[in-house]
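For clarity, chains are labelled A, B, C and D in written order, and residue numbers in each chain start from 1.
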Amino acid sequence: MIRVAVIGCGYWGPNLVRNFSALPNTEIRVICDRDEARAREVGHRFPAARLETDAYAAIAADDVDAVAVATPVQYHYPLARAALESGKHVLVEKPLTDSVKTARVLVDLAEERGLVLQVDHTFVYSGAVKKLKSIVDSGEMGDLLYVDCVRINLGLFQSDVNVIWDLAPHDVSIVLHLIDRPPVWVSAIGCAHYGKLESQAYVTIKFDHSLIAHLHVNWLAPVKIRSTLIGGSKRMLVYDDLEPSEKVRVYDKGVTLNEPDLRHEALVDYRLGDMFAPYIEKSEPLATVCATFVEAIQTGGRPMTDGIHGLEVVRILEAAQESIHKQGEQISLGALG
Amino acid sequence: MIRVAVIGCGYWGPNLVRNFSALPNTEIRVICDRDEARAREVGHRFPAARLETDAYAAIAADDVDAVAVATPVQYHYPLARAALESGKHVLVEKPLTDSVKTARVLVDLAEERGLVLQVDHTFVYSGAVKKLKSIVDSGEMGDLLYVDCVRINLGLFQSDVNVIWDLAPHDVSIVLHLIDRPPVWVSAIGCAHYGKLESQAYVTIKFDHSLIAHLHVNWLAPVKIRSTLIGGSKRMLVYDDLEPSEKVRVYDKGVTLNEPDLRHEALVDYRLGDMFAPYIEKSEPLATVCATFVEAIQTGGRPMTDGIHGLEVVRILEAAQESIHKQGEQISLGALG
Amino acid sequence: MIRVAVIGCGYWGPNLVRNFSALPNTEIRVICDRDEARAREVGHRFPAARLETDAYAAIAADDVDAVAVATPVQYHYPLARAALESGKHVLVEKPLTDSVKTARVLVDLAEERGLVLQVDHTFVYSGAVKKLKSIVDSGEMGDLLYVDCVRINLGLFQSDVNVIWDLAPHDVSIVLHLIDRPPVWVSAIGCAHYGKLESQAYVTIKFDHSLIAHLHVNWLAPVKIRSTLIGGSKRMLVYDDLEPSEKVRVYDKGVTLNEPDLRHEALVDYRLGDMFAPYIEKSEPLATVCATFVEAIQTGGRPMTDGIHGLEVVRILEAAQESIHKQGEQISLGALG
Amino acid sequence: MIRVAVIGCGYWGPNLVRNFSALPNTEIRVICDRDEARAREVGHRFPAARLETDAYAAIAADDVDAVAVATPVQYHYPLARAALESGKHVLVEKPLTDSVKTARVLVDLAEERGLVLQVDHTFVYSGAVKKLKSIVDSGEMGDLLYVDCVRINLGLFQSDVNVIWDLAPHDVSIVLHLIDRPPVWVSAIGCAHYGKLESQAYVTIKFDHSLIAHLHVNWLAPVKIRSTLIGGSKRMLVYDDLEPSEKVRVYDKGVTLNEPDLRHEALVDYRLGDMFAPYIEKSEPLATVCATFVEAIQTGGRPMTDGIHGLEVVRILEAAQESIHKQGEQISLGALG
């Protein structure tokens, strides 16, 4: 039996409670929020769970094996650190922390202690992204040429983080999950239309072998768009998360370079073909996140979005932030030490 | 009576011939292509026009008042220059030329000789962009925050120019037309997926007062998109050129900064309101291009897309190209001397 | 304080419980389902409510003022009748009953006893249909010409009712709510693709003054469509319930009959104009249904979808059924006696 | 060499001239319109063709082998009849004639004389409908359950025919082409919103084995829709002619009847699967119409839309008209004598 403490009963915490409590061999032992009324509101449906207002007490409790941190991002690091130091496995909301330095401390701590550290990059566990991953991995797309992500809407202005730390973790996480190459550099342009925090940004991530990913994140758009284009030399993909049924469409379209030593006009052949929208399984991604976490604890396996993945995401967010301050300069990433 | 010579009978030339010949007080005097068969094919419906294979002879002819240049871009400069030097008014296909240096020579020549120099940035004359312009100019959008343009599809690879010089002139021209402020710097990232010429690029144009325009142009996309988002502090716009009937949608949506001295959470108020799609007149934009050119000759007026406008577009394309070569560096534009 | 008993804890009952319990001056006194486990599952969040498995006991209880019936349709009549006979106000799921005869008994009973009888035709209380109603009532559409409703998808086959009794009540109710004229006749065509119950049907309702409404309901469609077109002589409407934000679009389009005594070609003028999508309020329609019911009890007012409205809907459903059995014959409705 | 006379230079005639003149072994010998200016306008690009204003002279000419009739519908019969009586092969615009009686005379005449009689039901020759036909014929859809066609827009009011004779020929022709069973009866409801001619109609066609096709045609709709749904027991199709690239989508969706002797709830299983949009060839359908006509003349073959097909379409249109006048009565078709 894995006994879980959930810290934070804001928007996401109750979903964690619900999903963990539905798992076999798992129980919610503690529900914690510094606002007692909130904790009680979540807790009354789970009478077996203890309510807490002191996160560190919840973390330290002897009857807790694992801690799920669903607080504002500035508390991720101290709480996750305390949990790992108490020998508890940790699931943290995205992003892992708000700096590479702190993220690395957590990764190292988890490594040393042999504990599971997982980041809740929920999209990676969705049916659509799983399907994308299997298509990309199959090689049927040919060489990957680019990934273009647009995640815009009239969004909630956050008081503590800018649009990059709020929206880009989703796309950065998906892109890193799909692309099996190290990122090389990041550049970004951001606009702070109101106040000091950027509410719109364009982020470019360069990968090995001339592959780039480009993100547009925006809190100030008239329409909601959640779209990812993936160009391949043989096939191309559109992933539209707002489509109710055909979220992933695979286009049998492309160009082929056919006679490399003739003059340029002859180089390129177009191919237009069928389109295919595979059936996407409809299960709740967060259920898979929680099940993966519990399974990793039980089996010693590594979740898809482990600490290293979470650190890599933070590294790119931080580099994007730095690039914005340096007029779009390309920020080299080097190897993930 | 304005007597016109049309040089180049490729894709666009025949449209120029057809539109000029439909205007009152205008006649097609010369139809020219170095491939005689092509000239003949276009000319047989306009028996009053003389066919030519020598562009310079066509330009020099005494019975020609104005020259329309619809050749590949590398010939724009020599032909337009010859025409201006012969005292002829000139309409050139977009982009004006392939370098700032040559574009400036043409602008100066036209100025000195008192001749009309117009660039055929056709979209600026479309019903949709005219509507955009009138909405932006009315002030109803509040402060402009950003312009985001996407122009992608599985396009024709060009042998002579990259995707920036092929697709971006449309959006750069529209953006300059809509925004009444000088551009400050340009940065760009490009990918040459096949061969040496970029087939995909992201271009950022910074304007005075923290307004940016961002372009995505791509010859290698699975789907065709022609979309422009314009964010304003009071209203926001979507211009989708592929929509058959509602090309322009105005959203009465926005955020307002209401209590600047309180803590950040209180700063922003959301407003969701009606959407409005104004009726867009359906006339052929090229007919207006041609009529505008003839009218400018007759009245001495200035077309919306005169030589200065065309030079500004080229300046931005050239800066984007330079930025790509310099790893996305911001290229300052300075005042348009 | 209005004390409510909710009968039936299937799909819809829990929503009624939740919405009634959120109202001021209202309390859930009894939660009833013949399956005790179900009742308990709903009830554990509302500890003040008593659980019951005997509907008639729940209805008869002295501490109950009003009964909400959310059972399969065949139980609507006996339960609603028992409730009215016990002097309780009644809210019934759609459709009111499964026959005109029984529906009329309920209407008469409610009338005699001075009790509120309301049918939960939820759509009528939605922001979108309220907007439709205000547009139609304003007269801005000119003369109403037709209403065309499509409600299709790969739906759940019902074991007890056909597609007309399952899906058409929504559209019939909306149409009757919008159109202030008596229906004259009904004709229908139905197909029973599997088993004996129709899984697809087309229903035509003729109203006074040559206005018709036409419905397509279908459990066997490859795509989900929820669309209503309303043609008017001055304006036309599209109501698409699947649109996330612009559910109602008003087209300033139409034709005008301008010179009645000339030959036919000259009679008709086309008008193409702006399109307008009014902002639609996003509140939960069922909350308004419940609040309306309680208010009607307190003030003696009449809900929009009272027993008469519910009876009129049943009359049309029954006539449609009869028409199917008589090869599409037009079934006259006569005055609602 | 097949020598063709084209009668009628309105909207469609010039397209026939252009397509016939592009065929090998075919020449346009006569271009005819009673308005000489129109004939001249079309003819000046085809200097080898003779211009005529008298249709009967054009038809009778010795140097003409085949006649294409593109006049208003009331002239189809006399002109086609004269042509067949002169021993000329005939291609007629849709619909074949305006009555079953006259259509039958033409069919019989063509039969007796061994001449080709083809109706220009252009859609049948389009890439999309060819693809539909091959999918339906392959049997992969299972049993056909229904066809639902919507063809609506703010259309041109015709002075001579109602919306059934104007728009429905397209869908009736497509439906008859796809379904290999005899139609059994037709019923229809029509509305004459302006003047005496119906501007909106719903038509139901019953085929053998409980398959129905249903059409909605409307000149007074706010939006343009060209959609056909085809339900099958194994797969379902959507054909949307306004989609620029994915006109045909095949859904691997359906229900299966699995345990016929149990109670109804157990009968039906749902299947949700992939969606597939086959590549559709983009050639001009009219080019295939013309090539088919010429080939039928040369080889003695039968075009897909021969006189019998055209007669069957007219039979259904006439029955629909009769049903409208008889309050939607089902009009039996009997065998096509």
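The definition used in the following text is that a residue touches a chain if its C-beta (ideal position, glycine included) is under 8 Å from a C-beta of that chain, and two chains touch if they have at least 3 such contacts.
No experiment lies behind these values; they were computed from the predicted model shown.
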item	value
Pair of chains joined by more contacts [C-beta pairs], A-D or A-B	A-B
Farthest chain relative to chain D (centres taken as mean CA coordinates)	A
Distance from chain D to chain B - Cα centre to Cα centre, in angstrom	43
Between chain D and chain A, distance of the C-alpha-averaged centres to the nearest whole Å	53
Chain A-chain B separation of Cα centroids, rounded to whole Å	40
For chain C, residues that touch 2 or more chains besides their own	245, 272
Residue ranges of chain A in contact with chain D within the complex	245-246, 252, 272-279
Chain D-facing residues of chain B, complex	44-45, 224, 242, 244-245
In the complex with chain B, residue positions of chain A that touch it	145-146, 148, 152, 154, 157, 159, 187, 189, 191-195, 197, 200, 202, 204, 210, 212, 214, 216, 218, 220-223, 229, 231, 233, 236-238, 249, 251, 253-255, 257, 263-265, 267-268, 270, 272, 327-330
